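Please read the structure below before turning to the comments.
In order of appearance the chains are A, B, C and D, and numbering begins at 1 in each one.
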Amino acid sequence: MADLSALPGGKSPWQSAARFGLYALLLIFAAYYILPLIVVLSTSLKDLDEIRNGTLLSLPAEINFDAWGYAWNEACIGVSCTGLKPYFWNSVAMTIPAVLISTILGALTGYSLTKFKFKGANLIFAMILFGCFIPFQVVLLPMAQSLGYLRIANTVPGLVLVHIVYGLPFTVLFFRNYYVNIPDDLIKAATIDGAGFFMIFWRIMLPLSPPIIVVTIIWQFTQIWNDFLFGASFTTGGGQPVTVALNNLVNTTTGVKRYNVDMAAALITAAPTLVVYVLAGRYFVRGLTAGSVKG
Amino acid sequence: MASLSIQNVKKSYGAIEVLKGIDLDLEDGEFLVLLGPSGCGKSTLLNMIAGLDTITDGEILIDQNVVNDVHPKDRDIAMVFQSYALYPNMSVARNIGFGLEMRKVTKEDREKRVDEAARMLQIDHLSDRKPAQLSGGQRQRVAMGRALVRDPEIFLFDEPLSNLDAKLRVEMRTEIKKLHQRLGTTMVYVTHDQIEAMTLASRIAILREGEVQQFASPQEVYEKPANMYVAGFVGSPPMNFVPAAVVSEDGKLGVSIERTANGNRSSVFLALPDDRQDVGDWIGRDVILGIRPETLTHRSDAEISLNKGLQAFDCQVEVLEPTGADTLTYIELGGREVIARVNPYNTTAPGETMAFMVDMGKASLFDPKTELRI
Amino acid sequence: MMSLMTQKSIPAKKPLSDWFRRNVAKLVVAPTFGLIIFFVYGFIAWTGYVSFTKSKMLPTYSFEGFYQYIRLWKMTPWNVAMENLLVFGSLFILIAIVLGCLLAIALDQKVRAEGVLRTVYLYPMAISFIITGTAWKWILNPGLGIQNLVQSWGWESFSFDWLINSEMAIYTLVIAAVWQSSGFVMALFLAALRGVDSEIIKAAYLDGASLSRIYLVIILPTLRPVFLSCFFILTHMAVKSFDLVVALTGGGPGYSTIMPANFMYEMTFRRNQIGLGAASAMMMLATVMAIVIPYLYSELREKKNG
Amino acid sequence: MKSFTQKLALTTALVSSIALGAVSAQAEPTAEVLHYWTSGSEAKAVKALKEDFEANGGKWVDAPVAGGGGDAQAAVLRSRVLSGNPPAAVQIKGLSIQEWAEAGALGDLTKLGEEEGWDDVLPPLLQKIVKHDGKYVAVPVNIHRVDWIWANPKSLAKVDGEPPRTWDEFNALADKLQAAGITPLAHGGQPWQDGTVFETVVLGMGGAEFFNKAFIEKDMATIKSDTMKKVFDQMRKMRGYVDDDFSGRDWNLATSMVMRGEAAMQIMGDWAKGEFLAAGKVPGKDFLCVPTPSNGGYILNSDSFAMFNVSSEDDKAGQALLARLILGEKFQETFNLYKGSIPARMGVPTEKFDECAVKSMNDLQSASESGALVGSMAHEIAASGAIRGAILDVVTEHFNSDMTSDVAVERLAEAIELAE
């Protein structure tokens, strides 16, 4: 951290001007980042008349949560008017197992590839890592065929599998880069102490891993929760995740277009990831510091 | 306690041969030091004894049992690492007890033994701390405690003192020595520090590029180095190497050393003691004369009269380096810089000529081609 | 201690458990590796094969050579898509890195409310464009958003109509994409800045270097690995860009903002040209590989040396 | 409560199965229906179908895929078919039906068709669309007319405008509207909407023969002809008549601009009428429907449900029930009243239909007799997805840039050649 103000000579007449400029810069960009959220939030709290008559950026005259309730319980998606509720739980049922399994597999694989190096471990890592870069459109058709073959097409377990597979390259990358910085001697010491492969993982590696586990879970949770392409391609009707339902909801109009409902629905959809970022954001940065991105 | 036998052990990574057939036999209760510069294969050998590295060829036996394929935890060994390798997430007590826990020792028994080991190493007051809260020396002790508590057949040490400061290093060295004396357990100790090797070992194996150069007691290694490499590696300051020729002068067998003093070429003849008549075959051939600095000192006629091996010559002094007890005096012999260990009260100012004597009874002769001891 | 010595013997070898112990790491990697082999490499091979067929509605498997590739490169929309990728990709990567780095340095100056600002910068990463796409469409829409707002403040001649201008629409994608990713870049840089050795900074300060010089000459060069990481993360985002285009421009006006991923999707699913879609997918993959493989190669070489 | 509804459903099912004659007793007719009818009037119409289906004992599994006129649906459908688990009924149409049938993905409804006498009630043009190799593989739901101008009479009145009969009149009117500060044309800048406008201009300036030569025969001389250049010239003019924010706008939002008087006209198929009706507007009073200028031409679009290969008895029964209902007179009437289209089967009473629909029916008759009836290109009746896409690429690029008509014609020829 470059904190020179404490050192002698650090105070100059320029200092306060520079400080002012710094805050101005930070605030301007804060506005750039926060703007879309403000638009969505304030629109969701207005009623339709206000939306029609006011401007985009004006704040709601009075706060009105009707649109939220409507989006959650009543809004029509296609011909069924159930609101986002059932789809939200679909997403939960899909995201949690997918995040957990891909994280556990990633941790075990990263551990094996760094601490139990065998011939070709580097090549295997490179091959897994390459999976990060595959454009998902490439895999839609063969994946559809495979899911059908496995008899899990159009089901939540099917989507879970898809997300595990394409999350693995990232989780392996995170854990591998983290574990590479843990000294090998620890493993040797534990081996001589009589701990086996899984015992070392459980007793030594996992207790050292919370920073990277947080990073991985945040990353995976965000990616999987926000997925649209796979959800839209591999599910229909009642089994769809909430992002797809949101899209259907926004594009389903019965009569007047209710922008406030659309925006409330968008915020409901975004809520879990937003909460995770706001609550765990600091651990995210800390976890990144702990070595997941070095090299 | 156990014997350890290493038979023609080889290790290669692909085409690169790291160990080229090591043979070492260790009696029960011995303290073996594997000495060598970094990259000589000593740590690899230690890892192989521990079972942390596979053996490409050959056999390792503990108590006459081949252990090549035995898992480390079943070899009944304990190891202290250079980095200490303490588990950061566990308290000191848990660290020490982890090996016992893994071996399903009852909690009661475990606590007793951990306590015993901690007291022995004077770290019993630190039991609840995490490794991050300890000083280097304390960590070292915990690492030792972890090995100690297991009461293994063999202790393995991988440069355990190299991360400590000089004073602590000497202290811990003594403690390890005491520990060995008390327990009598077989120990294998890897280091690149020849003083550690000399002080601790019952036998030293000096390794170079995957081969054992000499495997002997510290004294023998010091006095009768098997080759110039060993001779140069052990001892500080190192042994002086002087090109010389074996000659017979007046019926006496000795070496002749060429030297240049003030532009004049001359030679010095140093007779060999009677028990070195075996080098008679070498008359007329070049050899390398190896002299330890402490066997080369200022001339004392009284001593010469007592010891037939002492030979005298004069030489110009070039540089003086006082160390307190002795002054290292640099002279030129055979075109090489040679160090003599001289009593500070007998030195001469640089540039002046001084009378020296050398104990040819303790000198070594090496074949310049093979570098082996003659 | 002696008294604790009990019967000790080296147990006989148990072949099965021994085999397991030796191979447990491989066994643990196997499921992950197997999944990747099948679902990544297997699927790439499948797509590669299909790109050499005349598959239309459903995949067919008779080999037809490079027919689809020749056709692909003759098509204007594909060439537009590749051009767009180049323009969008380079601008997006450059701006996101510069901005992210700048914000990280600014945040590293012991500012107040750093936690809040950091969260504000970072949150767009948490939200998909499926969710914020509408908001961006409004903000960038001349009749509803910024243009309208500024004009209503009295600056009548103000014009910001990039979204509907086919020459400029690609830059609206850059604005939104930078919005989403630069916070993440900021987090990576901030993490790295926190890890810079403070003694280096003190040493430079003693040498009389100004703060800006310290950053420019001393700190930033040590962050080279972070620049690289960002570059690759952003590259793969750029190549994968799909949602963004769908949500913001729908590829329009015309097809002026179409990206390779959108082209591929359109061909495969809308125009029933699976063979052509597969060929375009392979080209995307080739683009990615051209950038990633040298990186992976150098990465693994470094690791070997280290 | 639940048991009561169940009983009711069962009774209705029983009654209707007796009435309809063939629904097997043990199978519970189930149909997963994949559709993209999610906008106001469409959603109402499909809801009517669902209610009808359920009233007849069927189990409706709704699978809506919103957005992009079926773009998203295409991906889902492909993935479902590849996974060996297609939905029972899918809203596809035109040449896509033929392509799916060729790929062997569709079931055979011929037997049902014979029982029901579809050959007698379906117009020949529709039969051609829903039959493959002489077998029924789909059922048509409706007939849409594409070449409509929807106009706000109040806006026209402000400039004393009359609905145009030629494209010159159209341009003159638009110029007047623009001078009066009214956006002449409400339009959404999406390729298919550009294509919709384009094909009405093609029909208007070239006539039916020209239309078919260009889009079905892909005759290069026709495509590169001067007439085609004039079409693009007209498109360039149209570009001047739309407002600034048209890019990416959905069609129903453009419709509501006409409703509110922000814009005077919209060129769109008669599903736009559904939006007017859903908003309680009255044809002839609140809005006008006039065919786009052409010499008695008619661009036909028809929605249909293709029946995919399904294995379970429930699904098969569901498909049969759905097909029967869709082509039933009652459903044809209610559905098309909502949707704004006209019935696909002949002989549906016309009393309840509004003047626009009646005009559509009459014009269809006369166009079909005079040979001025064409299938829509922009809606995949006349052209396959690939050809349509290629045409739309050029049309939309031309519309959104300053490409000259000469270049556009060259590009069009090129694109069509490369398309398949």
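One rule holds in what follows: a residue touches a chain if its C-beta (ideal position, glycine included) is under 8 Å from a C-beta of that chain, and two chains touch if they have at least 3 such contacts.
None of these values were measured; they are calculated from a predicted model.
Relative to the C-alpha centre of chain A, the farthest chain centre belongs to B. Comparing chain pairs A-B and A-C, the larger number of C-beta contacts belongs to A-C. Each chain gets a centre from its C-alpha atoms; the one nearest the centre of all protein C-alpha atoms is C.
Rounded to whole angstrom units, the spacing between the C-alpha centres of chain A and chain B is 57. Measuring from the averaged C-alpha position of chain B to that of chain D gives a distance of 93 Å. As a whole-number value, the distance joining the C-alpha centres of chain A and chain C reads 14 Å. Centre-to-centre separation between chain A and chain D, using Cα means, comes to 39 Å. In chain B, no position touches at least two other chains.
Annotation for chain A: residues 140-141, 143, 196, 247, 250 touch two or more other chains.
Residue numbers of chain C whose C-beta contacts span two or more other chains: 21, 59, 144, 265, 268. In this structure, the chains touch in the following pairs: A-B, A-C, A-D, B-C, C-D.
Across the complex, chain A meets chain C through its residues 1-5, 7, 22-23, 25-26, 29-30, 32-37, 39-40, 55-57, 105-106, 108-109, 111-113, 115-116, 118, 121-143, 146, 164-166, 168-169, 172, 180, 196-198, 222, 226-229, 243, 246-247, 250, 262-263, 266-267, 269-270, 273-274, 276-278, 281-282, 284-286, 288-289, 293-295.
In the complex of the two chains, the chain A residues touching chain B come out as 183, 185-186, 188-196, 199, 203-204, 207-208. In the complex of the two chains, the chain D residues touching chain C come out as 68, 71, 74-75, 78, 81-82, 96, 99-100, 102-103, 105, 189-191, 243-248, 384-386, 388-390, 393, 396-401, 411, 414-415, 418-420. Within the complex formed with chain D, the residues of chain A that make contact are 76-80, 140-141, 143-145, 147-149, 153-154, 232-238, 247-255, 257.
Within the complex formed with chain D, the chain C residues making contact are 56-59, 71, 74-77, 137, 141-144, 161, 163-164, 166, 169, 249-256, 265-273.
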